[in-house]
Structure formats: C-alpha cells, structure tokens
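In what comes next, chain A is part of two complexes: it sits with chain B in the first one and with chain C in the second one.
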Partner chain A sequence: MSDAAAQKQKRPALGQFGTVLWDVASRPSGAIGLALVLGHIILALISPWLVSYDFRSMDSSLILEGPSAEHWLGSDHLGRDILSRVLQGGRVALLVTGIATPIALLWGGVTGVLLGLIGGRADEVAMRIVDAFLSIPGVLPLLVLVTIFGTGNEVMIPTLAFFYGIPVIRVIRAATHDVVARDFVLAARARGHSRLSIVWRELLPNVRDAMMVEGAMRWSWMLLAFSSLSFLGFGVSPPTPDWGLMISDARAYMPLAPWGVLAPVIALSSLIIGINLTADALAKAMGIDRARKAVV
Partner chain B sequence: MARPIIDIRNLSVGFTGRAGRTLPVLRNVDLRVCRGESIGIVGESGSGKSTLALASMGFLKQGLRVIEGSVCFNGEDMFARKLNQLEAIRGGQLGLIPQNSGQSLTPTMRIGAQMAEALELHCTLEKDAYRDRTIKLLSQVRLPDPEAIITRFPHELSGGQQQRVAIAMALAGEPDALLLDEPTTGLDVTTQAHILELLQDLARDRNMAMIYVSHDLGVIARACERVMVMYAGEAVLQGPTAEVLKDPAHPYARALLASIPRLCDPHLPVALDGRPPPPGGSGPGCAFAPRCALADDQCRAARPELLDAGGGSQARCLRHAQSHELTAGGAGSDPLHHRPDGAPALVLDDLSISYAAPGLLDRLFGGGGMGVPTVDDITITIASGETLGLVGESGSGKSTILKAVAGLLPPSGGTIGVGDGNALPEMVEQRRPQQLRRIQMIFQNPDDSLNPRHTVAEILAQPLRLYDGLSGKALTDRSVEILETVRLGAHYMDRLPGQLSGGEKQRVAIARAFAAEPEIVLCDEITSALDVSVQAAMLELLNEFKKMKDTTYVFVSHDLAVVRALSDRVAVLYQGRLCEIGPTEKVYGQQSHPYTSVLLNAVLEPDPDAAPNLMAEDVVELSPPARGCPFQRRCTRKQGSICENETPPWRETGGGHAIRCHIPLEEL
Partner chain C sequence: MLRMLLRRLLLGVVTVWIVSVIIFAGVEALPGDACTAFLERDAKGKLLENCRHDLGLDKPAVTRYLDWAAGAVRGDFGISADGQQSIASMVGDRVKNSFLLAAGALAVGVPLAILLGVITGLWRDRWIDILFSTGAIFAMTIPEFVSATVLILIFAIWLGWVPAIVLTPADAPALDFFPEFILASVVLTMVMIAHIMRMVRSSVIEAMASDYVQMAMLKGVPYWRIVFRHALPNALLPAINVVALTVAWLLGGVVVVEVVFNYPGLGRTMIDAISDRDLPVVQALAMIVAATYVGVNLIADMLTILLNPRLRTQRMRRK
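The block that comes next holds the complex of A and B.
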C-alpha cells in the first residue's frame, strides 16, 4: 500500500470534506490562513462583549490620542475608540460578504453548470454576455448601482452577489465541460441513469472542488470591493464604522495619528491574506487529492 | 570497448517521504551506452525506467534528488552542470522523443515554424536555410510530401505522422544519442512497426546511441541489442536481447514474458500475482522475493548483487540458475471457448452509423465525412456465451459499433437486436430497465470511467440501486460479494479510485459492469491502459466470469494477440466495414484478407527472431472510398478496377469463416 493511503487509513473517518480540511490545516499556509480567518470570524461574533466603548460615542478630550491602557489602539479625529470601531467594522464587512458570497456561488454555479450542460448556441451567447460583464472594471457598475439605490446592506448584498457571481459562471462552466467529456458520465448514461441523477451524483461532486476554491477567492475580492466602495464614500454610511471608510477618514491625519490608518489596514489585509492563503491551500489539497495515485 | 557516450554509474535517486525518510526510486543503477548501440529499458509502471531515462539527460522530476552516483554524457557530469550548459546538450547532442508527441507539439504552430524553432536552438544555419533543412529532415523521417507537411498544424496529422515530426525535430540538433520514451505506445500496429524500422535505420546511418524505454517487450525485441529489465528501481537483469528474451535468467523477467499474450499461443497469458513494492517499501532482501516462487530465506536476508548468469547477461538473483525451469510463456490456462451455434445473444443487422454532428474524425481531419457512413454494412450474429473480438486500426469504427450497441450513438441504418428477437430502441434513453441491464460496457481507461469523487462502495451501488433497487445492508452485502468476485476485499469499499492501482481500478470497473448481471458485456480496449502483467490478470478474470455466468463478450482491441487469447470469433474491421470474420484460429490462420495479413505481419512479438513483415504503407485514410473495396487504396494485392468499383463478395471458407475480397479463395 502506498504511503499516503496508509496514512489516510490511520486517520479517523472524517468524510471527504473533513479529509480535505485536515489536509488544508496540515499545510503551513493553510494553517496560518485558517487561523486568520477563524480569528476574524470569532472576533466578529464576540466583539459586542469585548469592547467597553460604544463605537459611536465621541469624546472631545480624546481627539487623535495615541494608544493607551484605556484605548488600546488610540482614538480618531472625533475622539472615538479605534479598537471598538475596527471590531465593529469587521462585523459589518463579514456580514455583508458572508451572505453575498454564498449567493454569488449559488447563482453563478447553477448558471455555469446549466450552460456547461446545455452547450451549443445558448451557451455561446451567454458566455459572450459574461465576457462583456467581465470587461467592465469591477467597481464601476457597483458605484452606479449604489448611487441609484443607496448604500444599505439590502442593496450591497444583492449587488455584490450579482457581480461576483459572473466570474463564477465562467469557472464552473469550464469545470462542467471537463467533467461531462469524461467516460464516467458516458458510463452512467449507458447504464440508463436519469439526467438529474447524473448531474447530482456524477457531475456535482467533481465541480464542488472548483466551487470551493472559487468561493474563497470571490470572498476576498468582495471584501476588497466592499471596502473600496466605503473608501470612495459610497459604502456604508457614517457613523456605522467600516474599514474602508475608517482608512479614508484617518488618511488626512496620518502624520499625526498613523494608528488610525494602520489599525483598519491591518485588519482588512490580515483577513484577505488569510482567505487567500486558505484558498491556496484548499486548491493544493484538492488538486493533490485528485492526482494522488497509489504506487502501482 | 569504445568510450560510452552515456555513462551512468551507481545512480540512486530518491525523494523525501512524509515521515522524512528518503525513499529511493532508483537504486544503484549502472548503464553505459556507446555510439551505435541501442539499449532497451523495460519494466512495469513505477519501476523507475522513465526516471532513469530522464536522469541520463540530467533531468529529475520535481521532488527527486540524486542520492549517490553520477551521470556523464560525453565524459561530462550532467548533474554538475549549470542549467544553461545542460540546455546546450539537451535537444542538441541528446535528443528526446516523448511518449505522446501529439501532445508535445504546439497545437497553434505550423509544423514548419516548430521545426524552425528547434533549428534555431540547435544549429548554426542561416535563417534562409531553415526551410530546406526542415524539408530535408522531414523527408529523412519518410514523411510523404514534406513541402505540404510544413504548412500543416499538428492536429491535421495522424499519430504516426506526429511521431515522425517529433523524430525529425529531435534530429534537428544532429544528436549523438536519442532517448525514446515509449516511442510507439498508442500507435497502431502497422504504424508502430514502420516507426521502429525508421528509428533503426536512422540510428545506423548516423551512428547514434539509442535508449528505448518501453513496457512493450515486442518493441524492445525489434529495436534493441541489449536489454535492461527494471524492477522496483533496480536493474534486475541485463544482457543481450536474444538471451534475455529467449531464456531470461531472472524469475521476474520470466513472469513478465509469460504474461504477454502471443499470436501463436492459444492459451491465456499467465498473470503475475501481487504488486511491486512502493519506493522504500522493499525489505532488506531481494525486492522481488515476495512474489517469487523460488525465494528462500537467503533471498529475503540480503539484497543480491548483479551476478553473471552466463551468455553475457547479469541477473540480480541468487537463484538465477534455477529460474530457467520457470515458465516464460505458453503455459497459461485454456480460455473457455464456445461454438458460435448457441442461441443468438446480439444481432447486428446491416448496421450503419454516420456522425451527424462533427465527430472525432471530422474534428481531427477537418471537413465533414457526411457522404459515406463511418460504419456501414455490419451484419454479425453473436451467440450467447460467445466472445467476439473486433480488431482494426484506430478509426476502423470498433468503438463506434460498441457505442451504438450501448445506445450512446444513434445508428443511421439497420437494427440492433437482442436474444428475444426484438430490436432494441436506438438510444439508451428509450430503452427499458430490463433492456439496459442486459448490456453493460467496460471502458478503456478506468481513470476516466470511474468517478474520482466516488468511493468504491458508491461506484458499485450505482447499478445495484438502479436495477435492483437495493439499499442499506442488502446493498452493502451485495457490493462486497461482487468485490470478492473480482478478488478485491471488503476493505476496498471506502477507497477512492485515486487510492487504487491501475489494475485495481479496472477490477472495480469490471465489478460495476457485472453487478448488473448482464448478458452481454462490451469491452472497449479494456487492457490497453494497463501493464502487461495486470492485463493478463484482467483476461483471466473475464474468462472466469465467462465460466461462471456464461457472459457474451464483444471485445474490442487493437492488440491482435490479446484478442487471440480471449476470442472465439474475430471480426476484422477496416474503415468501418467488415473485411473478414470467422473462428479465431481460422482468421489467424493461413487464408486471410489482405488487410488481416498486413495487421498480423506487423505485430511485434517479444521474440528476437520474429521480424515484422511490413506489407502496406501506414498511410492514414481520411474516409472510406465511396465505392468498391474499403481497403483498395492500401492493398498490396489490388486486382485493378474491379476493386475500385465493385463491393467485394463474401467468400466462405467453411466453418463460419468468410473473407470479403475479390481475390479467389485459393489465392488468398
């Protein structure tokens, strides 16, 4: 038996998903990435009980104060506690993107699989439309929609989900094409399985990998776009804190109070780096899983 | 002895395993090749033969490193050189011809431009001279009409032509030595023989050293003077080809020879049980000891050295003297044969198939072949329990017929009937479950036909749920039962295909087909992606199922020896038309269709005395002729205009053997 197979047997039964997750966590990049992402999620969940200051409360005695025992990350130009605002900003960013990413994956994935299966003229036309969308710089259409419909979460989530679902279509359609051409699909057809059962049992398990990696990538892009919008002043409206908005506000005071910029920048980039590292490790784990062969 | 051009001394190559141990892939290999010499390296997949060949170019796959030893080319240490110095040698003085040259050619570049790239790197000619040189090289590899070839794209050429272009590119740098990694694997028998002949002539004319890497002993027998047999990263036997292939002095080499089906041998080949150890997995003793019939305590105690085994060969075996008593072929079990007079199981009546949508051939060669059907006029009745072999070159329509029977391609004419006399609905979607379960298909490559995301349990559950509605414990019990019939245990149930070896995967695929309790099993080149030793085991397995269940097989293969081993009757196809059909021994016998003779004569047998007799050119025909005999354009015995205009008559020789040819029987 091969080394890998032997090792696999020693492991407790984790199921396929568990095995992949285990593989991700056992790579250095995956471990760091997962720790960063999980850290952010946990902080966002428990932050209401962590901070002792209201993120809205202003204190004129505290304008642009440096880090201190009371205010660990200092305070901003309106005398608000930066730590509280960074933590609250994380909650908003994770909430919006955390809902929008699954929606983007779902609609992009379903469309992609359908196009991959249908093929022919409809597929051609749809893909040219996708191409057209992809050729527009990302933030522009977001800006237009947000300007028209406002900046509430109920606008941000569907907007982000729609635009970030489009590249998913392309990736999932390509993955579907690859799988459909393979003999196990032909074998299932020859046995006489129904179309739905072929899609469900033969196709989806093989598209799932691409979907997971794609999801992680889209999530990080979406976070960046969300913060960019706020940075440009089109995102969430003050006083709700957001990392992009905080960076934009604090930028003017950077020589006086660099912590005001650094804190949200570090928060945003650590989350994005974490997601990207996880996505990388995930791709590797699944890529290797796919190519892993027993020594003959 | 002349100074060797490739000099590998005591080379060990390995990688670091998960536990931090160094796992060897090559162990203390010595290889010396002089100019004008040709050496064959044989072994199963995973034996380290490709690693050795690539190492002689100073190249190791990622993760591998040299543990000890050296590789010298023309007296220079390859692993001590810098990359840019290596590049001057690779492709220049030392050419590589990869296994699948179709994939190694850039699809978007014309042949002329690709050749020019090779010339630019490895010769000193002026740019204006490239064209002439390219044409000269292409004509040296005997490509017809080189002026036209340089304007073509790779996909417009046949596999054999692509291989010739790859050879021409390797020759561009005027190499002193050529490395050939499975140079003819995947090519038709006729093409294979032509390519090998070309390579031998080139080697002679240019006094090149040649290293052939192959799992096919037939190729080695034809092309090499010396052979090195590899097992688990070691050279276990080396010596002159005649000596090694006739009476090998190593138990592994004998078992390998015995596992090859032969044209002249009506027995099934003998399967080699067990599997080679993984890297680092062999104990302190001989790596082959666990599978060896002669092994004793002494063999398991310490690794044997290469010992002189007489006749100029060396064997890494303490028992090499006794090994000559082991069988090396012709001792397999008898295949079960049925007379084709039972009740009919499958009736193909005047079947013809056209590709409506651009099919593979159209995509390969451009242009539509709509006028003449791809497969035409196929009338065969297959008796229950009979095995029908379908043979022919690629593009002969063998797989197309199977797909039509399985309901995956609509026939354009004729009917497919089953035992009860009723015609089957054309497409699989229209067939009733009872009709579906009767016909099961096994595909060529289990890597492709098993869903990589399904465990073995899920794979076997598919037909059982679909046809028998099993679930829960009944499903598990039945799956385990089926697994055991293909000699895999219950512990395989939770494995994914990626965790199985090639042979185990194909066993699972066979198990899946038999789980439906079919009457007819369609086998589409099911052994061609497997090692020879594994292939023998698959043939035995099919034979056992035939004994147990009286299954009817339609067995498609381009390997005539494999078909011979298993089939009761053989049908020879050319361009989708039947040329000859009859009992196996008659088709492989004296009287045969000119095309069958071409095929049979081109087969490379692992016998150094048997030279293939190349009768017809290996030209590829784009589509069958509209009238007359399909083989007219390549036939060496063409009778004149009658062959071009009239469809040849069936000539019966008796015993159900019929040949479709204008030549009278007495002269065939």
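The block that comes next holds the complex of A and C.
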C-alpha cells in the first residue's frame, strides 16, 4: 500500500493523470461514460452554430407538432423548437453545475483537510454541524435553502456550491485522517515544515484521488438536484430552458406529444448516466469502493 | 457497550438540536415575519404591533426559539402563516400518507434487494450480475421525476394499466389509495433496490473472498453451507445501515415523486408551503424529516452494535 503510494508519488502529475484517464477509458463502462460526458460537453460548446432556431421564438402554427425535417424533435406547447431548447438546456445545466462543482470541491476539500489536520474540539463541533446539514435527505435541504435565498441562476450556483461542499468536507476529512498519522507527515512535522506546507505538499496530493471521485459524484448529484429543483418550479426562471423544467411543462401534453417529454428525458438521463459510469470507473481505477457509500 | 449506546443517543439528540437551530436561524434571517406576511400592505404602526404582540413576535429571538422548540418536542408546531390552522392537524394525515408510501416500498424492496444483492454477488461478472448491476446504475442515477414520467407514459398512457395520478383526498383511509399509488411506490422501490443491492453485492463479494470462507472451502464444506452459514451472516450486517439510510431517503426523496403523482404526502405539503412561503410549515416539516432521519440511523447503528460483537471492540478502540 505505502510502496504503491510512494511509487505513484514519484510520477509527474500530468503522467499520473494520463494513466488514470487511460485506466478509466480502457474499462467498457468508463469508455461509454467518458464518451457520453464528452459528447454532451462538445454539443454544449458548439450548439450555437448547430441550431437554426431561437429557443425563445414561438410559432403558433407549430404547437405540439411532431418531429419533421425542419424541426427534428418537433415543437412544444408554445410552438418552440424542441431540439434547440434541449441543446440550450444542456448549456445551462453544464454551466451552472460546471461552476458550482469546483467551488464545492474547493471549499469542502480545504475545510475537510484542515479539520482532519487540526482535529480536537473544532473538528468535533464542525462535524456535528455537517451531520446536522446532512440529516435532511434528498432535495429537501436545497428546498429549504431555496426558500431562504430565493431562486434563479445567480442564486442557484452559490446555493448548490455551498450545500454540496458539505458532504465533501466529511469525505475529505476522513481521507485526511487516514493520511495524517502516516510516517511521511510525521517526518515533515519533524523537519519543521509549516502547517500550510504540510497541507499543500503532503496532504493534498494524497487526498487527490478521493477528491476526484468525490468531484464526479458531486457533479452528478448537483445535476440531479438542479434539474429536480427546476422540475418542481424552484430552479431557473423561464424562458431559460432547462431539462427539468421542459419535462415538467411537457408532462401535461404527454398523451398528445410524447416526444416533448422524451427529448429532455433522454438528454438528462444520458448525461447523468455518463457521469456516473465515469465516476464508477474512476473509483475502480483508484481502488475506492463506491458501492459502500450509500445514498447521502 | 452501554456507554457507547448512550453516546450514540446523545450524538443523535445533539444533531437534531443543531438542525433546529440552523432552521430557526435561517428563517429568522429572512426579512419580514408572519405578521408582515399576514397583514401585507397594512403592516405598519399599531396594527403591526398588535399582531406581533398577539403572536408573541415581540419577544427576543432566543425566547421564541425556546418556545418553538418546547412546542415541537410535544408535537405542537404552532400555526401556519396563512391563517389560524394548526400545523399539527394539517400535517398529521400527510405524514401518515408518506409513511404508507414508504412502508409499501420497503416491504417489497428490502427483501428483493437483498436477494438480488446476494445473487449478483455470488455470480459476480456473469450475465445475471451484469444485467442487474447495469440496471441498478440506471435506477440509481436517473432522477425520480424522469423515471416516474417515463413509467406514467408507458403504463398509464400507452398501456392504460394503472391510473397516472392520485386523486384521493389526503384524509382518506389507507386502502383508498390503492391502486393509485402503485406507480409511485414502484418508482421509489426501484431506486431503493438499486442502492441496497449494490451494497449487499459488494459485501457478499468481500465475504466470499475472506480467509474464513477460503478455509471452509479447503476443508470441503459444501458450497451452500458456506454461503448461508459463513458468508451471509457477516455480509448482511452492513446492510442494516444502508436500509436505514434508505428509509430516511424515502421520507425525504419522496418529495419529487409525490409531486409527480399528486400524492397527498409530506413532500407535496412541503412544496406547497415553499411556494406560499409558509415558513412555519417548512420549519415543522424539515424538523420532522431530520428527526426521523436521525432516529432511523440511530436505531440502525444500535442494532449493528448489538448484533456484531466484533464491531463493538473495533469502535471502542477507535474512539
């Protein structure tokens, strides 16, 4: 274990990342997952040049029309092109979660490492607060936060980043605990290194694996929460298209126009499954058993 | 061991207490209160003062927190913001309905999940494992509102086998919700099975690879005897905790499912309360859910400690 860790340590950072990526991509589930995620990201990046309709423009002659040569995925109850709305929805979802995930990882990770290092009473108190936040399951805590802070994109990002940083604290603190008692940290302490240098040079490189898996997991949870909130009417505000919101809108017309529901359903499912397959492969590549971690 | 059980109990109480402080402080930080919401534009001068005095809002925050907490412990959450309705009577039926939904999902889901977990664990990497493990990833990751919508589309609209949404009023007896709640509980059961199955699978695999199972195999103990007598008792113990987490998840995660199926439970009440900015109701529901979550996990932890002598000493050493 420590031998392997030491060897890993010697490799240059980029090479190590490359090895991990290769390991992920060489597993069938990881390859499918990576392909789905990359596909979504590429589509989100190039979609402004792909669609020929504005996602806001309504056309009363097109209300609930089925798929056709002009409108590949049909049009919704206001006569808007579904394809351009699905693509725009992907941009919104990836933008919001893409900003919120790194922030959550950063503040949760740093707090977790510091708590794991300091320990003692501060750690005990902080963990009780973390427990308290995590003792309301599912989207409920986010709903409470939304009640307090309001809705809309500008509020969604800090709210998601704040809340999903909390479970990161717990995981990274536990990972730090495993490392902090090891000989090389003791050696660094004995050499008289400052706490900051110990955090930066000894602890962070060793919790990076846990951090990456955690990041992928939080990303998928965030996406799920974001679309669930939109579905419930507390996420983005219309006319900004979001997959959750689109599904919620199209549900009323499901018997007449099932394609309106199916398009965002497939888009959302494929991205979330992609992220999870990648996270699973990543965890396996790094020897972390994800099934042990339950719902929270 | 008694000390450890007491410690767990104390930690649980402390957690619930911190939740109550966070929720109370969060709502307190909002601009406006029940009186400004109730009186709307007339909220000024004498009228506002009188209203605040009647509701006790002119007392300091700490006193109000203590009053609120003391009431909550007795099951009295005060009155809702929109008028004079008592929250306890408003929420009572809804809580019962949510428990009904959760109980239905648990009764079917837990045995099925454990069975599937054992099967996929024993036949690891064979077609049956690949089939169910892939299915589990789908069930776990696809948001509930998506799978619910797809199930409604297929089974209620295209095939017409079951009703799409629940139209029964909240205070109807439990049996009246049949068959309307079938689809809702199927959605919940699917997610639940996936979580428990994955956990059981990985601990079955671990147990089957352990030294004592290898030893039993070398001694020539029959395979199924090894599975049932040596591997499973050890493998299934951690499942208690996952089941507990799932129960708690059911109570919170039902929010979305209840909205999709129009089911009159806790979750839908929460959504309605948030839309109306009915903060006392939001506070009360959040407290109920948090207390249930902590309670269920506490019971699971205690069961695990009681059932597993090995864990007892391990935890003692760590603490």
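List of remarks:
Keep in mind that, in the parts below, the second predicted complex is superposed on the first by the 260 of 296 C-alpha atoms of A that agree within 3 Å, B and C clash if a C-alpha of one lies under 4 Å from a C-alpha of the other, contacts with A are read in each partner's own complex, and residues count from 1 in each chain.
Keep in mind that, in the parts below, a residue touches a chain if its C-beta (ideal position, glycine included) is under 8 Å from a C-beta of that chain, and two chains touch if they have at least 3 such contacts.
Since the structure is predicted, the reported quantities are computational estimates derived from the model, not experimental observations.
Of the two partner chains, chain C is the only one touched by A:Gly138; chain B is not.
Of the two partner chains placed by superposition, only chain C is touched by A:Leu232; chain B is not. For chain A, the partner touching the most residues, choosing from chain B and chain C, is C. Of the two partner chains placed by the overlay, only chain B lies in contact with A:His193; chain C stays clear of it. Contact with neither chain B nor chain C is seen for A:Arg121 once the two complexes are overlaid on the shared chain. In the superposition on chain A, the residues of chain A contacted by chain B and by chain C overlap at 289, 291-292, 294-296. The touching residues of chain A, when paired with chain C in their complex, are 128-129, 131-133, 135-141, 143-148, 220, 224, 227-228, 231-234, 244, 247-248, 251, 254-255, 258, 261-262, 265, 268-269, 272-273, 275-277, 280, 289, 291-292, 294-296.
Within the complex formed with chain A, the residues of chain B that make contact are 17-19, 23, 44-46, 275-276, 278-279, 281, 406-408, 428-429, 431, 433, 436, 440-441, 443-445, 448-454, 458, 462-463, 466, 494-495, 498-504, 512, 516, 531. Taken in their complex, chain C has these residues touching chain A: 11, 14-16, 18-19, 22-23, 26-27, 29-30, 137-138, 140-146, 149-150, 152-153, 157, 195, 198-199, 201-202, 241-242, 245-246, 248-249, 251-253, 255-256, 259, 270-271, 274-275, 277, 279, 282, 286, 289-290, 293-294.
The part of chain A that touches chain B in the complex is made up of residues 1-5, 7-8, 13, 16, 182-184, 186-193, 201-202, 205-206, 208, 289-296.
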